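Take this structure, written in structure tokens, and hold onto it; I'll ask about it next.
Chain lettering (A, B, C, D, E, F, G, H, I, J, K and L) follows the sequence in which the chains are written, and residue indices restart at 1 in each chain.
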Amino acid sequence: MSKSPIKSPLSEADKEITGNALQATLVDLIDLSLIAKQAHWNVVGSNFRSAHLQLDELVNTARQYVDEVAERANAIGVSPNGKAKTVVESSGAPDYPDNWQSVESTVAAIVDILAKLIERLRARIDETDKSDLVTQDLLIEITRALEEAHWMWQAQQA
Amino acid sequence: MSKSPIKSPLSEADKEITGNALQATLVDLIDLSLIAKQAHWNVVGSNFRSAHLQLDELVNTARQYVDEVAERANAIGVSPNGKAKTVVESSGAPDYPDNWQSVESTVAAIVDILAKLIERLRARIDETDKSDLVTQDLLIEITRALEEAHWMWQAQQA
Amino acid sequence: MSKSPIKSPLSEADKEITGNALQATLVDLIDLSLIAKQAHWNVVGSNFRSAHLQLDELVNTARQYVDEVAERANAIGVSPNGKAKTVVESSGAPDYPDNWQSVESTVAAIVDILAKLIERLRARIDETDKSDLVTQDLLIEITRALEEAHWMWQAQQA
Amino acid sequence: MSKSPIKSPLSEADKEITGNALQATLVDLIDLSLIAKQAHWNVVGSNFRSAHLQLDELVNTARQYVDEVAERANAIGVSPNGKAKTVVESSGAPDYPDNWQSVESTVAAIVDILAKLIERLRARIDETDKSDLVTQDLLIEITRALEEAHWMWQAQQA
Amino acid sequence: MSKSPIKSPLSEADKEITGNALQATLVDLIDLSLIAKQAHWNVVGSNFRSAHLQLDELVNTARQYVDEVAERANAIGVSPNGKAKTVVESSGAPDYPDNWQSVESTVAAIVDILAKLIERLRARIDETDKSDLVTQDLLIEITRALEEAHWMWQAQQA
Amino acid sequence: MSKSPIKSPLSEADKEITGNALQATLVDLIDLSLIAKQAHWNVVGSNFRSAHLQLDELVNTARQYVDEVAERANAIGVSPNGKAKTVVESSGAPDYPDNWQSVESTVAAIVDILAKLIERLRARIDETDKSDLVTQDLLIEITRALEEAHWMWQAQQA
Amino acid sequence: MSKSPIKSPLSEADKEITGNALQATLVDLIDLSLIAKQAHWNVVGSNFRSAHLQLDELVNTARQYVDEVAERANAIGVSPNGKAKTVVESSGAPDYPDNWQSVESTVAAIVDILAKLIERLRARIDETDKSDLVTQDLLIEITRALEEAHWMWQAQQA
Amino acid sequence: MSKSPIKSPLSEADKEITGNALQATLVDLIDLSLIAKQAHWNVVGSNFRSAHLQLDELVNTARQYVDEVAERANAIGVSPNGKAKTVVESSGAPDYPDNWQSVESTVAAIVDILAKLIERLRARIDETDKSDLVTQDLLIEITRALEEAHWMWQAQQA
Amino acid sequence: MSKSPIKSPLSEADKEITGNALQATLVDLIDLSLIAKQAHWNVVGSNFRSAHLQLDELVNTARQYVDEVAERANAIGVSPNGKAKTVVESSGAPDYPDNWQSVESTVAAIVDILAKLIERLRARIDETDKSDLVTQDLLIEITRALEEAHWMWQAQQA
Amino acid sequence: MSKSPIKSPLSEADKEITGNALQATLVDLIDLSLIAKQAHWNVVGSNFRSAHLQLDELVNTARQYVDEVAERANAIGVSPNGKAKTVVESSGAPDYPDNWQSVESTVAAIVDILAKLIERLRARIDETDKSDLVTQDLLIEITRALEEAHWMWQAQQA
Amino acid sequence: MSKSPIKSPLSEADKEITGNALQATLVDLIDLSLIAKQAHWNVVGSNFRSAHLQLDELVNTARQYVDEVAERANAIGVSPNGKAKTVVESSGAPDYPDNWQSVESTVAAIVDILAKLIERLRARIDETDKSDLVTQDLLIEITRALEEAHWMWQAQQA
Amino acid sequence: MSKSPIKSPLSEADKEITGNALQATLVDLIDLSLIAKQAHWNVVGSNFRSAHLQLDELVNTARQYVDEVAERANAIGVSPNGKAKTVVESSGAPDYPDNWQSVESTVAAIVDILAKLIERLRARIDETDKSDLVTQDLLIEITRALEEAHWMWQAQQA
């Protein structure tokens, strides 16, 4: 059923731009949720527990927006794709190392990943300014949440 | 940090058998959680909403056991790996189709996936009988939950 | 007391444009809440219960925004009018049939009504872009909610 | 589908009497819920806030019984009709003024409306005494709730 | 201890009439709760889940009134009897088939059972009109609940 | 302000009969709440704790109906009077002994008090049958609650 | 059973002083709870609702301390007496008028009653300074609560 | 539909052994829930209330496992049968007497019934050790709950 | 540590504009929270309680946005400063009088303060339109909340 | 680390007196919590369940104050010691018998233990009157709670 | 309105001493709440998050007592003053540095501030011993809370 | 009452083996709960708070299983003994040092204690494999919980 059963409120051109922005955001956020869980389980060191808990909050933030983004894609008549293979092929997040990690390298990796995802989100806010204000509003909200998380993780490097 | 910072309560041999069973289960369940979300967003048809809601319950079941399995791996001194790439490389779940799906094909796909994952879990229950009763107990609990879900999805095909 | 006891933060011209957009949205949403209740009580057929429950969620969505829109009108110094007579005279929603309805015709009617109301809302988002960004933000939020509902109802027609 | 898909537990004659009583009550209560919301938004004056809150409680009371009345109509095989047009055509509530209102005129209008609706309800309690004791029981319960509200609003005029 | 340790507020004659009505209602409702559970477990078919959930609501309704009826019997000095054997011997509900059932036959069976129980309840409302108004009030309340459920199940046959 | 500020929905004669029934019930229930508290604090003996807890449930039952009765009096335009002096002068409850009491004498006293109050309530159900069905309905509900409590207290004497 | 079944941690003399203080406080607070309820039901006037709600908070405050005071009396081996007759005979609260009252006279009466009860409580704080510090602490806490309430009621007379 | 619409994860032989164990447990537990309710309503005597409450906890325990057992039967492809007639024909619980019972005879009867059901459960734990570890795990859990209840009821006979 | 340990997602110029807007908003809102508390404690007069409660809601609104604004400042690499001295030096709120105040002067002061703060916020919405859409979105949200509060306070002057 | 890392707000002499009082109270309360649990598990007899539940409340009371006392010790710069060995060496509670106990002997033992602990607490209230009013306040609060419990247990011996 | 509308329960002299103690405490606690928020936002470093959370608990403690102190001032007829200017002019807390701070310097500053405020509070406990025991009791409670917090912050310096 | 009032579902030999395993586990877990509280109060150092909170979770885990183990002992007819003296005489936990401890030495001590208790539990899982599968199931569950905690504490040493 590759033809959309959902009629879009947008023109074909706006739907394509907006749909691409949403699909890319979906994949980034699913990857973030998997990485943050991976980090949650594998962080070790003398004050690992604080990072362990904070990572689970990041998982929750990511998961909440994953759902809102997928629903928004549907709402404009675009099928969201969040399968593992799609995530591996198109996520913009830098790779996260295997095995246990110290608190320091965990913090550093999360800070880098968030910086990259925020940069990509800000570009999409610009792209959707003309194509769909409703989607732009959602992307602004996600950016605010990730930038707040970014501060919380950078603060640990001071 | 590939050397385990966690001292295992098991012998090296038992730890390897048990660790493999847990890592394989972890990957299967993460894939199940991603597939069920994908299906949740893409199911369409006259009574799609019932399936839509039931799929979210399946996501929750999968996510809950993902955490318990990863924590058990840690508890026996094995680093759990739940990254997207690892899921793509080693999940035992059959592929799920792209794009929107009718309720019927959604149900059929989920029934098949659950059947496959249950079969793999039952093999691991046998393998861990000698290596770690504590882990076996957890796998039995997961099998019970997935077999109950399996019934609920098959019932729709009657 | 037809002279406003509330001082507007907007210029007279902006207040008129914005006030009209809010009053029209108020009426549309009240009508939506009454229609969705009517449909909730009168839907029949083999899987009527799923539609029955989903209609009550639509009632709740409509009622929540009815309140926010009326409060926003007050905040810019415009008296909101949500009486039955006003709704009959100015609602933009197509008529909903009397008596019991099958699930199919219920779904079709709701999909049409939502499409019409969304189209009207998107026009108002454009109109308020110059007159009041705060009101525009609220209209964007309502549009997002109705477009999500629209997807959920269309999905049943696939 | 104007022929009832629901078999009534009542004789045809009792069903007509009872159905009329329920449909008339439904319309009165929907109108009450719309009027009370209108008053809630438009009341002003030095102690407007207490009335503002009390009006929302009245909305909730009205809405709760709207649902119970419509469900009872269905239960005896009568399709309930709660559309805006039906409300305008058959509600027994006196008109409520447009624009902002002082606390005093708000209280006076609500007291009058409640008095009228209670009078109509008491007549229906008599009518249903022979036709359906179950429906009569529901009408008695609604009357008790409205008469309690009536006291609370009159108390402000003392 | 077959002699009542509870002093009845009723005369001996009224107590016998009322007690019989309550004991018969008790048995009908226990049977309804067992049948609805049986149906809950054994319903299958493409939209079984909606019926599956709705049947559990019916179980809860039945169980709640089972307790209130038994307590009322005690309150008038009559020992309630809700044992399995008593249910088999005196329940007024038609038999429910063994093994899995399609949604359609499940709905049909539940509609028939409810119709029969409602008919019996309405007869008891008449019988207790002279013997005990307090008990009659409880029977009216149960009838209203079952008639509402009856509508919800019939609506699926439309 | 002895002239009623609340317009009654009843005729003067019905209002007097109904008002007397409500005022008498109010006083009985306030006294019951004070007596049950007194007993709650003063019961002693080997299994005093079970009675101690059950008495507090009786206090709650009494207090809940005290409020509903007073509100109903207001609703029909009668000022409720629940002052200590009024309770002493007109309560129908037998006296409760001073000082600590054994469980047995506590149970006996409560059983007697409840029997007396139920008898008085049943008389009022008859009196209000002509004067106000809405009030009668409330008195029936209170009687049911007190008769259920009566059973629970008598059961301890068996 | 007028001889105490509870062994007091205090000397006979201290027990008498402390017991008198507690019994007097118990009676004052029960009377306060009855008066506040009476006022709650009978207050009328243009902004009666705010007072109506505030009176119920006063009822709750009074009832909470009634229980704590009675329990403390028991703890020191004194049987608490909170029957209606005892309240009428020994309460220190000035009389509260019958029938409906305006907001102004309600406020005035409550302010007077609280002033009187606080004065009596402060005397008892002095009396128990030598006899029982534990009881004194409870009386201090009650005084603080009543003085805070006193401010809230006086503020309305400003 | 006597042929199973659910594919079993077990071999035909294991499914028969396991299915019999589950069906027998289902019937025992439904009977226990009905008996405990019967006892709950009919227990009388000086400290009946404690037993009255404890019996309702036993009802809840039984009901919870009734559902889990029926769902497990479905999960292995066996239709659960919990109708009143089936319970009467195959329950292993000794008969419970009619009419009111003293606390002592209630306790004695419940202790006997629990002892019998535990004995039957322990035999089924042995039978399922080879046929299905997942079902065995559920039976172990039920046995633990009933043995704990058994202690609580025996303790009263000491 | 005056050099920012947080890397800003904005250019230096945009960061300065946005940072100034956030710092100024932070100070205004902290002052609003202190003033509203001051008013909450010091308001007196015949219907002071309604204002007393409404002021605490204003405190909560202010406090909630204080936190969101400070976190946003951090997120763009600007240290928020909310010390008492900073508030005194840079708040834009008009002075609030010392000592107890009548309800009328309280309402008048709050209306003026809100008007001033809204005016300042609307200017910052314009300033941040080019510098940071994410911050602008937050300022729009705060403005909507304060304008709604403004209506509620002005309504009392009608 | 036997030298205190916490600076005391008290003089060295006051700290020693106060610290001794707190350490002794800590040990008494831990012992009480262990004894009450022991009694909770081992009480048997016809109405054992009421005592069984009441003992768990005593455990909760003891545990709550254990924490507050230990935190207060820390707050004045004294390390609290609550190890099993310390409890055995310095608790002031009389020994509690091994094995199951009848309700009567359980009640008697608890009454004795509470009497002893209260006596010791009252002595410490005197000792801390000069050394630290803040600690004295906490000891008064604990005494009040234990004396209330003492009444509840003595009441069963009446 | 500088003349007090609230009648004090204290003599003029006692009211002045007590009022001064309360006003000084009010200012200290408001400043503490602002400083703790400032620290909450500006703390950075490798384990900043633990301090970040702990600071918010300190804000809540301070805010809770701010309200209780202001209400107590009102209760004795003294207008509380908690405006920013008053805080700057009379707070006893040492200054807190601007800009981001390391965890170590944050902890050090908070420890110092708490030490200073506790010292001031203990002096006021002495001052109010003669003037008002009720106020003294509140100051003792605040001291206990701040001394407990003091321990928690000092513990981090060990 | 050293002869068991509870009839065991086990043979005498199995009861002895199982009873010993449960009693030993009971003592170990009570000691763990006391040690974890001791550590909770006495841990100090720059990130003590994270360990402080984590220790309280360990207390809760230990306390929960203490109750389940004691109840299981009762269920098989063995009196559980959890008195302080018994704990000192038979606990298998290594000694915990007196006075304040750094975070590092706290972590090290808890890791050692958990390792020892897990080793002892695993031996008991083997011992009960033949004597009682129900008890073995409980011991497996406890082992899983302690091994998970063990990982969390070891992770801090990496």
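The rule is short, and it goes like this: a residue touches a chain if its C-beta (ideal position, glycine included) is under 8 Å from a C-beta of that chain, and two chains touch if they have at least 3 such contacts.
None of the values given here were measured: they were computed from a predicted structure.
Hopping across touching chains, the smallest step count from chain H to chain L is 1.
Common neighbours of chain E and chain K under the contact rule above are absent. After Cα superposition, the angle needed to carry chain B onto chain I is 120 degrees, rounded to a multiple of 5. Residue-number overlap of contact pairs with H-L passes half for only one option from G-I, B-H or D-G: B-H. Centre-to-centre spacing of chain E and chain F amounts to 31 Å, using the average Cα coordinate of each chain.
Averaging C-alpha coordinates per chain places the centre of chain F 42 Å away from that of chain J. Distance between chain centres (mean CA atoms), chain D to chain K: 53 Å. Between the CA-based centres of chain H and chain I the separation comes to 63 Å, rounded to the whole angstrom.
For chain H, the set of residues that touch two or more other chains comprises 1, 5, 44, 47, 50, 71, 74, 100, 102, 137, 155, 157-158. All chain pairs that touch, listed by label, are A-B, A-C, A-I, A-K, A-L, B-C, B-E, B-H, B-L, C-D, C-E, C-I, D-E, D-F, D-G, D-I, E-F, E-H, F-G, F-H, F-J, G-I, G-J, G-K, H-J, H-L, I-K, J-K, J-L, K-L.
Remark: chain E residues 47, 50, 54, 103-104, 107, 152, 155-158 touch chain C in the complex.
Of all the residues in chain K, the ones that touch chain G in their complex are 1, 5-7, 9, 71-72, 74-76, 133-134, 137-138.
Put simply, chain E touches chain B in their complex at residues 43-50, 52, 100, 102.
Contacts from chain E toward chain D in the complex involve residues 115, 118-119, 122, 125, 137, 140-141, 143-144, 147-148, 150-151, 154-155, 157-158. Residues 1-2, 4-5, 30-31, 34-35, 37-38, 41-42, 44, 66, 70-71, 73-74, 79-85, 87-88, 91, 96, 98-102 of chain I are the ones that touch chain K when the two sit in their complex.
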